[in-house]
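What follows are several structures.
Shared between the two complexes below is chain A, which pairs with chain B and chain C, respectively.
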Partner chain A sequence: MNLLFVVLIPLMGAGLTAWISRFGRLWSAWMAGLVALAALGCLSPSVLAAFGGETLIQRWPWIPELGLELAFRLDGLGLAFTAMVLGIGLLVILYARYYLSERDDMGRFYAFLLLFMGSMLGVVLAENLILLLIFWEMTSLSSFLLISYWRHEEEARNGARMALAVTGFGGLAMLGGFLLLGEMVGSYDLSQILQAGDQVRADPLYTPMLVLILLGAFTKSAQFPFHFWLPHAMAAPTPVSAYLHSATLVKAGIFVLARLFPVLSGTIEWNWLVVGTGLTTLLVGAWFALFQHDLKGLLAYSTISHLGLITLLFGLGTPLAAVAGIFHVLNHATFKASLFMAAGIIDHECGTRDMRRVNGLWRYMPYTATLAMVAAASMAGVPLFNGFLSKEMFFTETASFLAEHPMGWLLTVAVAFAGIMAVAYSLRFSHDVFFNGEPVNLPRKPHEPPFWMKAPVEILVAICLVVGILPALTVAPLLQVAAASLLQEPPPSYDLAIWHGFGLPVVMSGVALIGGLVVYAERRPLFEIADQLKGRLDARAVFDHLLARLYTFARAVTGVLDRGSLQRLILLLLLSAIGLGLAGAIGSGSPLTGERPRMPIDGVTLFIALALALVSGATLLLHRLRLTALIVMGAIGLMVSLLFVKFSAPDLALTQLTVEVVTVVLLLLALYFLPARSPAESPLWRRLRDLGLALAAGGGAGALAWSILTRDYDPISDYFLANSVPGGGGHNVVNVILVDFRGFDTLGEISVLALAGLGIYAMLFKLHLPGPMHNPLGRPWNWDRHPDIMAALARLLLPLALLVSVFIFLRGHNQPGGGFIAGLVTAAALIMQYLTNGVAWTHRRVSSNMHPLIAAGLLVATGTGLASLVLGYPFLTSTFTHVHWPVVGDFELASAMIFDLGVYLVVVGSTLLILVHLGLMHSASHTPAIEAMRGTAWKS
Partner chain B sequence: MLNPANLLELAILIGQGLVTAALALTLWRLLSGPEKPDRILALDTLYVNAIALLVLIGIQRNSSLYFEAALLIAMMGFVGTVALCKYLLRGDIIE
Partner chain C sequence: MEVLMSAMIGVLTSIGIYLILRARTFPLVIGLTLLSYAVNLFLFASGRLGVGQPAIVSDSSMGYADPLPQALVLTAIVISFAMTAFVIMLSLKAYAELGTDQVDGRQDEGDAS
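And then the complex of A and B:
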């Protein structure tokens, strides 16, 4: 059970963290730490089993119809990554608390961080491939939010967008790859897939599947040619870089390589693609890292280089290389996270990260300098630090190809070159920043950071040292189980000692160290070459160009379909509807009129039908006079309602009546800004064409209705009529359908209504429109805003109207009515107070803030659904009982009524929110008093 | 002959006829105007007539199903009339 919660705790905790920050910014830091600790605690019962070599698999059905389940898996590989995500995550949470400044919103930061943490845990713990992909996409989205955390900076927004575009593209490719893989094996479960390696490799679709999955992994892990997003993502706050861009996010691609290693590797395609990409990335990253003047830029390119190194190791395909790869993942995470944190401290203390200005910091912060230089030594691969061990294994693996492959020497030389560059850029990081003269023109005088900001760096550097000196006593067991579950078999024997005896790997290490020193000492000419190359090798320009082309293409496609003319779209829609309708009617050969005996026509119905036709026609003729047309339309609504009553649809009639009045108010609010007459804009021929089209479409719809109504057919309503009372406990079938049979639809609809209300509120925010100062006839408006008689009468009506609303709500389940209609009645009753007594008067009595009401409605409705889930029934199952109340008699109580209450609240809140804010939009323009009141209403 | 039950039935029939005639006349006023207040008043009268018609039909069929519709027309019709009048008066209906 616990694995699900390991993932869910950070995801759920994100919201809590954001919420709690309103009590003080540090609360969110504590909360984030607690959440991460809770996730760790939740994981702990399973840790020993995973260490024992067991593979823990836990499943819950999710969408069984699609074969999707929430399946999680904890084995050695997952454990290693989980430890990294949670361990470094905790340190980053501590570090960020001191890194973020007073101006930064801590709640938002930690909420995004936890969101990312949960997604990342989901990736490394997923057992189902589709589930893995969902979490994978969530890491892309949450990292977008984290990179663009300083959203006022253009760099941050562009960097985030680029990262999302590149990784999003990769995610799409990976979805294709996973689908191919899942269909090959016949299961999306990793346990099944990991056993099916031979079958997968023999499949004819193996190569496309491999390419797609690798595209996903390479984009995420910033492999060449997709590496360019990582340096631009450095616009993120440094804790984010330390977490995402060293330890976790970029390792997700590596994780997929490792996870699917037993299935995908062992073919020539795998070797060439993965080794080729890894090697290129290793070299490109190592070369460019040296020439970055930005401290974080150097670290970013060095990260790219190390990711290339790991990819290269997996590409070699031998078990030992895979072990070295996973070992380097762990080592890189520790030293690179600490280096990023150190860079953040330097940035924090100096106000800049430019290595041409940040010099000689040894004198100001010797302690931090020591820590940073130890980590840099580990990055360079100096003996006694953990980076040396895995780099030595890396050299050994590549050197072994010298004998096996005629081109093996090329690999050895390239790798040695990358090693030299790694030493050189590590030296630059240490020497340029901490020595090399005096600081140049810093905005502030640097000093040592607070104790707790250094603590995470200390811990990580200590790990670098301890692992580097005593590997067998520290990392060996974790590495052993991780390697075993990676390979799906016991790993070959390897030796974690510092000294393996004299051989090619030692020579390569020595060459790298000495060569690095030489390169750094003679760096001036190299910098000149790099400066010349700078303008030409800009991946960002290529990306921007491609993106611009994509936009142009998308606009061209849209332009063909949508020329910005509503009339044209309607024309196309109607023409196709008429065409399809005609095609169906001509082909069928059945008569227009069916055999069903006609019902008798009574005088009243005939009269109403004729009146309806008359007023509809009149609206058509009067439509250029806007207000007149609106008044006549009121009569149409009334006639339609009467027809609904006549044909036994009282609920429809009630809905029609209430919606009608709300619409009239809405249109009147808009008419205030519009001219009184609509001018004729189209030429005569076009209007005649449209008339013909309208007649054809209307006639077609009428003929269709006629031919259906004159036939006997089997409607689906019989089921609802039969099951309404036994299944839903209500006699009003319409209401039972809304709140019970189709409750889920209703929940969706009220969510849309709430969103529409909030959307309109957001669009109208601080929008002031000047209204006309005189009426369409040129006379000034009446001075009497709120005539007294009208105001007094409306006040008297309010309680009566609310009573009607309660009545309609309570009866809803058995008689015509329900939450939606009752909500509209309440809204109309309150709107009437706004109309007659004014905004100021009403807001003194009713809160102007409708958001809590809408939220409460959604919570009540969702809560009712969840309650049935908690009790073990499907979502939104309703229950009912009959109670005997003393005076009232037998009364039906259904849980659906609580759901209906949620509907009621949302309807009231959204309707008022929309109408009142539309109204306020112009009253603000000529009544300053209301403007002032409006300001306070928002604050409350 | 005229007994009490028949009397009620007859009264309802006559009432329906009269209300329908009233509906027709108000409809004429709604369409012919000439001024906007005429039309608004006509619409309001149309609501009143519709309530009468619904209640009469309800009594005739001995059914309570028509009651809610009549109730809501009474309420909502009034709100609509108030909104239209406020528009004529001030243009700005929520201020």
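And then the complex of A and C:
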């Protein structure tokens, strides 16, 4: 259970941290620290078991059909990474508390940081590959948020976008790779995949799968040629760089290499791809690191170089190389995080990170300088620091290549060169910043930072030293279990001692140290070469170029389809629909007419059809006279409801009838503001073309309807018919489907209705439209009051209409009716009051604020569903009982009726909301006009 | 009977489509309304036609019309009302803001291609 919570606590804590910052900015720092500690505490019960070499697996089904399980795994490898994520995470939380300035929103920072922490823990603890990928993408997203934390800076936004684009692309590739891998093995569980190495390597799809997974890993771990996003990500606050861009996020790709090492490695493809990429990255990073003037830029390129080193180690494919790789992951995390923190302190104290200006800081902050130089020495691989140990192992592994391969000396030389450059840039970091003259024109006078800002650096540097001097007593057990779970077998014996005796590795270390000194001393000519090369080897330019091409392409496609004309878009849509329909109809080869026996035509239907054709034709011919067309259209609605009556759908007929009334009233109200006529502006050819299209589409729809109507089918409704009475307690199956069987759909539908109402409310808010003063013929508007007889009649009818709606509502479960229809009847009855008695009169009696009604309806409907959940049944389970009411008789009372009440309330509320606000616009638009015409007399 | 039903669906579709190809907002809304009639009838027709067989369970009934398309169409009618309302309000808003009821908000008269 606890592994799930290790991941969930930071994710949940993120929200809490953001919220709590409203009580004071430091609260969020405390909260973030507590959350990280809680996650650590949650992990602690399992630590010993993992140290003992056990593999803990905890799983809960999530979407088992997709092979997706909430499955977590803690073994040595996971433990090493978890320790890094949580340990360095805690230090970074402490550091950031002092790093962030008053202007920065601390709550947001810590919330994003915890979001990342949870995602990263998910990556390293996932047992299921799909789950791993989900967390992988979450790290990309939270990294985006963290890089763009200073969102007012363009550099930060661009850097974040670039990182997201590159790692997002890699994530997609990785998804493809994981799917292939999962299909090969038949499971997405790591436990099973790790046992299936031979099977996977023999699979014909091994190479594409490998390439896809490597793309994911390489983009994340900033391997050449995807390395360029990392230097641009340095626009992030320095705690983020220390955490994500040295210790954790960029190690996620390495982690996947390590995790899948037993499955994927051991082939020639693996060796070439991974060694080639790692070596190139190692060299490119090491070369460019020396020539950065930005302190963080130097560290970023050096990180790229070290990531290349680790990748290269895994690429070699030998067990010892893998052990060296995982060891260097741990060492790099400690010294690089402390270096980033030191760079942040320098930035914080000096106001700049430019190494051409930041010089001679030894005099101002000797303590910080000592810490930074120790970490830099570890980065260079100086003996007695932890970086030396893993680098020595690295040299040993590459040197053993020398004997085995004829071209092995190339690797040795390249690696030695990278070692020389590493010493040179580490020297530059130490010498340029802390010595080398005086500071140049700094914005502020530097001094030592507050104690607690240095504390995380001290801890990390102490680890560098202790591990470097006493490796066997400190890191050895962790390394041993990590290596064992990485390799899925006990690792071969290796020696963590500082002195291994004289051999090639020692020579290489010596060469690197002395060569580095020489290169740094003679750096001037190299800088000139680097300046000349600068413009040519810019991967960012390639990226920007590709992005620009993508935009141009997208614009071209959009430009062809969308020229800002709705008519053109509809035309294209219709043409493609007709084309596809034709292709399908011709391609299917089945006859248009089916076997189902046809019903004879009767007089009533014929009459309805003729009337429908007549009124439709009239609508078409009269459509430019808008008012007339609207009234004729109302008649179409009536014909449609007659059709529903005829063909055994009484509920539909009732609904159509009431909706028709409301729709026509609505369109009439709207028409008041719009021009009364459409101008005759389409040329004849265009009308003919549209007519042709319309006939083709209509013919297609008719033919489709014909071929459906003449075919037999096997409905799924028998279940509803059979279970409506025994299961739903209602005889009207349509209503039982709506409120019971498919209640969840109905809940969605009334939500849409409510949203449409609210959307309209928002659109009409503060909208001013002048109403016309006369009709198109020039006749002035009639300002008479509402006709008295009609007003009086409507008032008399209201209680009756409401009674009808109650009746329709109550009987809905067993007879035609229900919440939808009753709601529409109520709405129509109230709208009649508005029409006949005026808005002012009605508003004195009915509130115009419909929002509470809609909200109540949605709450009632959702509440019915939740009530069944509380009682231990699935959402929206219904129950019913029979009660005997005096006078009425036996009566079925179903809980679904409460749901139907919610439907009723939403329908009434939304319909009235829409119409009443349009009506209010009316009175607003013509009241001033009336007053102008009649003076004040009207008011009395 | 089936041929009449298909013809009615076809006629409503045709006229609806002709109207949504017009250049002004109001005919467009009328056209959408006609199209929604056609779609609703079409969905309804997928339950096949039956006379005198409402889906109301009783002992004397000889058979039932398919209730599922009916339930779907019932909500579709209400939703299409909401959508019609939304579109007409949108056209009012556009008219108020742009001063024209041309569908692309263009001030000059007439169609666009």
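Operating definition for what follows: the second predicted complex is superposed on the first by the 565 of 940 C-alpha atoms of A that agree within 3 Å, B and C clash if a C-alpha of one lies under 4 Å from a C-alpha of the other, contacts with A are read in each partner's own complex, and residues count from 1 in each chain.
One rule holds in what follows: a contact is a pair of C-beta atoms (placed from the backbone, for glycine too) under 8 Å apart; a residue touches a chain by one contact, two chains touch by 3 or more.
What you see is a predicted model; the values in this text were computed from it and never measured.
Applying the stated contact rule after C-alpha superposition, one finds that A:254 touches neither chain B nor chain C.
In the superposed model, A:50 makes contact with neither chain B nor chain C. Of the two partner chains placed by the overlay, chain B and chain C both lie in contact with A:650.
When the shared chain is aligned, no partner comes close enough to touch A:483: not chain B, not chain C. Set against each other, chain B and chain C differ in how many residues of chain A they touch, and the higher count belongs to C. Applying the stated contact rule after C-alpha superposition, one finds that A:853 touches neither chain B nor chain C.
In the superposition on chain A, A:815 makes contact with both chain B and chain C. With both structures placed on the common chain, the touch criterion links A:235 to neither chain B nor chain C. By the document's definition of touching, neither partner reaches A:373: not chain B, not chain C. Of the two partner chains, chain C is the only one that A:675 touches; chain B does not reach it. Across the two superposed structures, the residue set of chain A contacted by chain B and also by chain C is 630, 648, 650, 671, 815-816, 918.
The touching residues of chain A, counted against chain C in their complex, run 563-568, 570-571, 574, 596, 598-602, 605-606, 609, 612-613, 616-617, 619-620, 623-624, 626, 629-630, 633, 636-637, 640, 643-644, 646-652, 655-656, 659, 662-663, 666-667, 670-671, 673-675, 678-679, 681-683, 686, 690-691, 693-695, 697-699, 701-706, 708-710, 713, 715-717, 720-721, 724-725, 731-734, 737-738, 742, 745-746, 749, 752-753, 756-757, 759-760, 763-764, 767-769, 814-816, 820, 824, 907, 910-911, 914, 918. Every residue of chain B that touches chain A in the complex is listed here, in rising order: 16, 20, 23-24, 27, 30-31, 33, 36, 39-40, 43, 46-47, 50, 53-54, 57, 65-66, 68-69, 71-73, 75-80, 82-95.
Within the complex, the chain C residues that touch chain A are 1-15, 17-27, 29-30, 33-34, 37-38, 40-42, 44-58, 64-68, 70-71, 73-75, 77-79, 81-86, 88-93, 95-96, 101, 103-104, 109-113. Of all the residues in chain A, the ones that touch chain B in their complex are 603-604, 607, 611, 614-615, 618, 627-628, 630-632, 634-635, 638, 641-642, 645, 648, 650, 653-654, 657-658, 660-661, 664-665, 668-669, 671-672, 771-772, 775, 781-782, 784-785, 787, 790, 794, 797, 801, 804, 808, 815-817, 821, 825, 828-829, 831-832, 834-836, 838-839, 915-916, 918-920, 922-923, 926-927, 930.
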